[in-house]
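For reference, the structure is listed below as structure tokens.
Lettered A, B, C and D in written order, each chain numbered from 1.
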Amino acid sequence: MKIAFIGLGNMGAPMARHLQDAGHELRAWTRSAERRAELRGAGLNVVDELAAAAAGAEAAISMLADDAAEFAVSEGDGGLLRHLPRAAVRVSMSTIGVDASRRLAGLHAAHGQGYVAAPVFGRPAAAAARALWIAAAGDDGALARVRPLLETLGRGLSLPGGPAETAHALKLGANALGAIITEGLGEVFAFGAKAGVAPAAFLELLDQAMLQAGFVGNYARMIVAGGTDSRGGFPLRLALKDVGLALDAAVGLRAPLPLAAAVRDRMLRAVATGRGGHDLPALARLAFEDAGLDGRP
Amino acid sequence: MKIAFIGLGNMGAPMARHLQDAGHELRAWTRSAERRAELRGAGLNVVDELAAAAAGAEAAISMLADDAAEFAVSEGDGGLLRHLPRAAVRVSMSTIGVDASRRLAGLHAAHGQGYVAAPVFGRPAAAAARALWIAAAGDDGALARVRPLLETLGRGLSLPGGPAETAHALKLGANALGAIITEGLGEVFAFGAKAGVAPAAFLELLDQAMLQAGFVGNYARMIVAGGTDSRGGFPLRLALKDVGLALDAAVGLRAPLPLAAAVRDRMLRAVATGRGGHDLPALARLAFEDAGLDGRP
Amino acid sequence: MKIAFIGLGNMGAPMARHLQDAGHELRAWTRSAERRAELRGAGLNVVDELAAAAAGAEAAISMLADDAAEFAVSEGDGGLLRHLPRAAVRVSMSTIGVDASRRLAGLHAAHGQGYVAAPVFGRPAAAAARALWIAAAGDDGALARVRPLLETLGRGLSLPGGPAETAHALKLGANALGAIITEGLGEVFAFGAKAGVAPAAFLELLDQAMLQAGFVGNYARMIVAGGTDSRGGFPLRLALKDVGLALDAAVGLRAPLPLAAAVRDRMLRAVATGRGGHDLPALARLAFEDAGLDGRP
Amino acid sequence: MKIAFIGLGNMGAPMARHLQDAGHELRAWTRSAERRAELRGAGLNVVDELAAAAAGAEAAISMLADDAAEFAVSEGDGGLLRHLPRAAVRVSMSTIGVDASRRLAGLHAAHGQGYVAAPVFGRPAAAAARALWIAAAGDDGALARVRPLLETLGRGLSLPGGPAETAHALKLGANALGAIITEGLGEVFAFGAKAGVAPAAFLELLDQAMLQAGFVGNYARMIVAGGTDSRGGFPLRLALKDVGLALDAAVGLRAPLPLAAAVRDRMLRAVATGRGGHDLPALARLAFEDAGLDGRP
């Protein structure tokens, strides 16, 4: 397949390489002339003009830093909108905003081109190892055409359905969760350190006690199941007590736990509004209610 | 071994049963006469007086709801402090406060008794399946004596060292992390639902893209490693952008992400204080600094 | 009136002095012998034993740092409970916890003594200037007897009614508000500074534009009025937009606004749940709902 | 003076009226034909085309809902940029973003027109009563020319200096503070209500005890003064204790205080990093540090 690959940073370069290695007719471009020279030296088929990459391509994949970079390669005299053939498919694998993704879809549609949003999960090492996971959405026909390319780039694919920007919404939600978890880990490691336990030892405990037991997935499944019955479970009023004890200890140890404090207030709200006997996943119901949904995941 | 087991709720009852089944000479007690009758009917060796359970025991294990319940069974005329033999070991497996655990240690020491803090990780189903994980700390001699009991009750043991209450501190920190993650999951599922994706579909994506890839453990290990080099990684300034896009989408979708908003401000602080090029785990450095530590892992 | 005054710190010392100057028969005590000597040298009638201060007193006023100090002077062989005459009134003017205040009330009642909670608003300069404001609650008879003393100590008195600890609850709520406002000021001053405006200049603007116009009181009155009609007002959906613009600017300026970020999510929730056309005080309805009240202040 | 006035909502209509009543040659325009007819019927000089309002004007004042509305009246064939004379001054009194304000300044400069940012403080009733406060910034010459108009519209003017968008930054910061305070009031009123005190009674106390005593301004001045000496003051470690007691009471009363919880963690951080003896305004230092400033307001 004739592919334009736009953006050759830590993520894009190994991805472009995999496509070339898989036998596709690849023309790659990135903004930095220095980087183009470096990658050309390493054997990647790099061209010096974005328009030259786009001309005649059946698919154009972009892997860029932000919304501005996506529009910079799309609009203007030398951009993808003008130079991609009609019926070609633009694939945005960058992490961009939901509005930006929707606007790109509209612009390509206005030029008779397809658009697929296909953000990736994984860091540069995963890109190099073809271990990325990809969430892809867009017009069915366009998606079907580029799907083999996406399968070349990663270990698997989720297809949430809906308009293209849905895939970017999920990517952003997942990244938000990742940031929350990273911050939470940092807070409790600091708390543990003040209690006299080195982060490595605390991690070993967390790993054995919670992560290897599939803690995160288990709670996620309980939320999805949406049950409120806590028989045999862990009622919110006890969870409220436990987080309260953690916060008391945090004060005593002089080790702030700001996310835990925020969650405690949500637990308190759940208990104050009659959900003290529900299981911990009832927390999710508050989030659904706050979003104006009926409170039931 | 002669064991007093105190507290026979959803967690305590199966734990007591495992000890009895393992051949120990168990006398179990719980506050509710009704519950005592029910469990006695099911074959557990239940006695009607706490003092009778304690008399002559080599170890007394408590699995109770809160600090107040721990002190209620410890102090007073009929309590463990008075009725346990000298040299017996009290094991508190309840999730209690750090101060409460330290006070219990002191009280037992004053009565010539040992004290081990051994809170458990796992829900009632795990207790029933002997799949609990246990963090235990206390005086070395006392800990050595009750360690076989703990091994009977779960699938493994972490020994963080330090005074007994350290184990309770870790349990509380871990529970705080669990609550943070559960809340984060609820928020992003609500966000996904407003973007048109059912929680079950979003979970499938999270599971494949992040959880099965060991996301949480990987980030935890990066924090512990404490590196700030983001070459080949994911610099905070990009993570700040991504969470900002998630929050923009949250506003557009009318789906609040309060924890993500709190984390965004911490990322912003990290970038404002010169850490925009560090990798995401640099967030943990802020937590360490805020706790008055030197900022390293 | 024969008065025992307990606690002679920055607040207590000038308060005790006012009572002595008003002609009351005062015996004052504080824990530090050095401080007792210093104040005796300055003419205050200081005694060396707490019991001596309490003996024969009609009222005992305490002004101490925390719950522990209140119980330390109340309980034990030399404490107020034992040495105050029956029918004397204990007045706790310290800022203590609601539970602690309730427990003190019970202890004094059990000794046949009255108890009034009377926490103060104002800093040491206000105490010296008799410019404190006092919130007082307790048994009507006890309150009536000590009311003239309270009037001597401050510029006025609020009587919220209810059991004694109600006064401490209000004091704690008010202090929480004060801390929130102080933090909010700090955040926006830092934000202003990054925008190029010195805190003094920003303060002048805030003072003229908002404070002198009675901003805080006006919004408080709107909340109390509980109206949701925003005709002629400021609908939440616009307030959401404004705070969103502030947060966008905060990102651009690299100046975190964590409290504003938390409030934005609450506004977003209000809009997502159908209150976008309500006036800003509709935020208070969320707080009422979260507390399990019917949402109407 | 010949004035174009754009945007005749709850705020704009009374403002335009004041300018017309002051003798200026006003041509007003707003998007809604119905609203134009209504206001024309009430005697305001309303024109039906934006271009007609702009033609020949010496100043064009806009009072619109958001960034999009500002650009909608500025750009395009019928917009202010094209139809305002060179040397005319555009005055944006809307609450818009800092970036939007900067971009408007650039666009007008490119058309040889002046630009002043002059957002207002006050609600529609204040606009009607000429009781608005205005923060204005921009090129000195442009500002001097429109200053009499601004003085006609309000009770006073702050001139923070700096580029035009500085005025919008301050307005946004002030609105963020207003939202924080409103949320804080709502939370403590709900807390008070659960403690048995009606919001009106709590407000009376707050008004007497804190607001009439100039609490907010006093703390703001302490922050500006930047002192850390707490002799005669209120050390953070005590403030931490008080907010902790408030949060304990909040749990007991089942009345969440999420902002107070967030502030408690910042106090805890201040104490953990060696500032427990500083006065409460030391909280502001954290905000300055987090913004990458040297920590001193």
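Here, contacts are C-beta pairs under 8 Å (C-beta built on N, C-alpha and C of every residue); 3 or more make two chains touch, one makes a residue touch a chain.
From a predicted model like this one, the values you see are computed outputs, not experimental measurements.
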Identify the chains adjacent to both chain C and chain D in the sense defined at the top.
A, B
Would you say A-B or A-D is joined by more C-beta pairs in contact?
A-B
Counterpart interface for A-C, drawn from B-D, C-D or B-C and sharing over half of its contact pairs
B-D
Specify, for the interface formed by the sequence copies chain B and chain C, whether it is same or different in terms of residue numbers shared by both sides, with half as the dividing line.
same
Taking each chain's centre as the mean of its CA atoms, which one is most distant from chain D?
B
Nearest whole angstrom, what separates the Cα centre of chain B from the Cα centre of chain D?
46
Could you work out how far the Cα centre of chain A sits from that of chain D, in whole Å?
36
Can you give the whole-Å distance between the Cα centres of chain A and chain B?
29
Residue numbers in chain D touching 2 or more other chains?
247, 254-258, 262, 264, 266, 268-269, 272, 290-292
Which bits of chain D are touching chain B when the two form their complex?
262, 268-269, 272-274, 289-292
For chain D, which residues are in contact with chain A within the complex?
240, 244, 247, 250-251, 254-258, 261-262, 264-266, 268-269, 271-272
If we count contacts the way the header does, which residues on chain B are in touch with chain A in the complex?
10, 65-67, 95-99, 121-126, 131, 133, 135, 156, 158, 160-163, 166, 169-170, 172-197, 199-211, 213-217, 219-221, 223-224, 226, 232-234, 238-239, 241-243, 245-249, 252-260, 262-264, 266-267, 280-281, 283-288, 290-293, 297
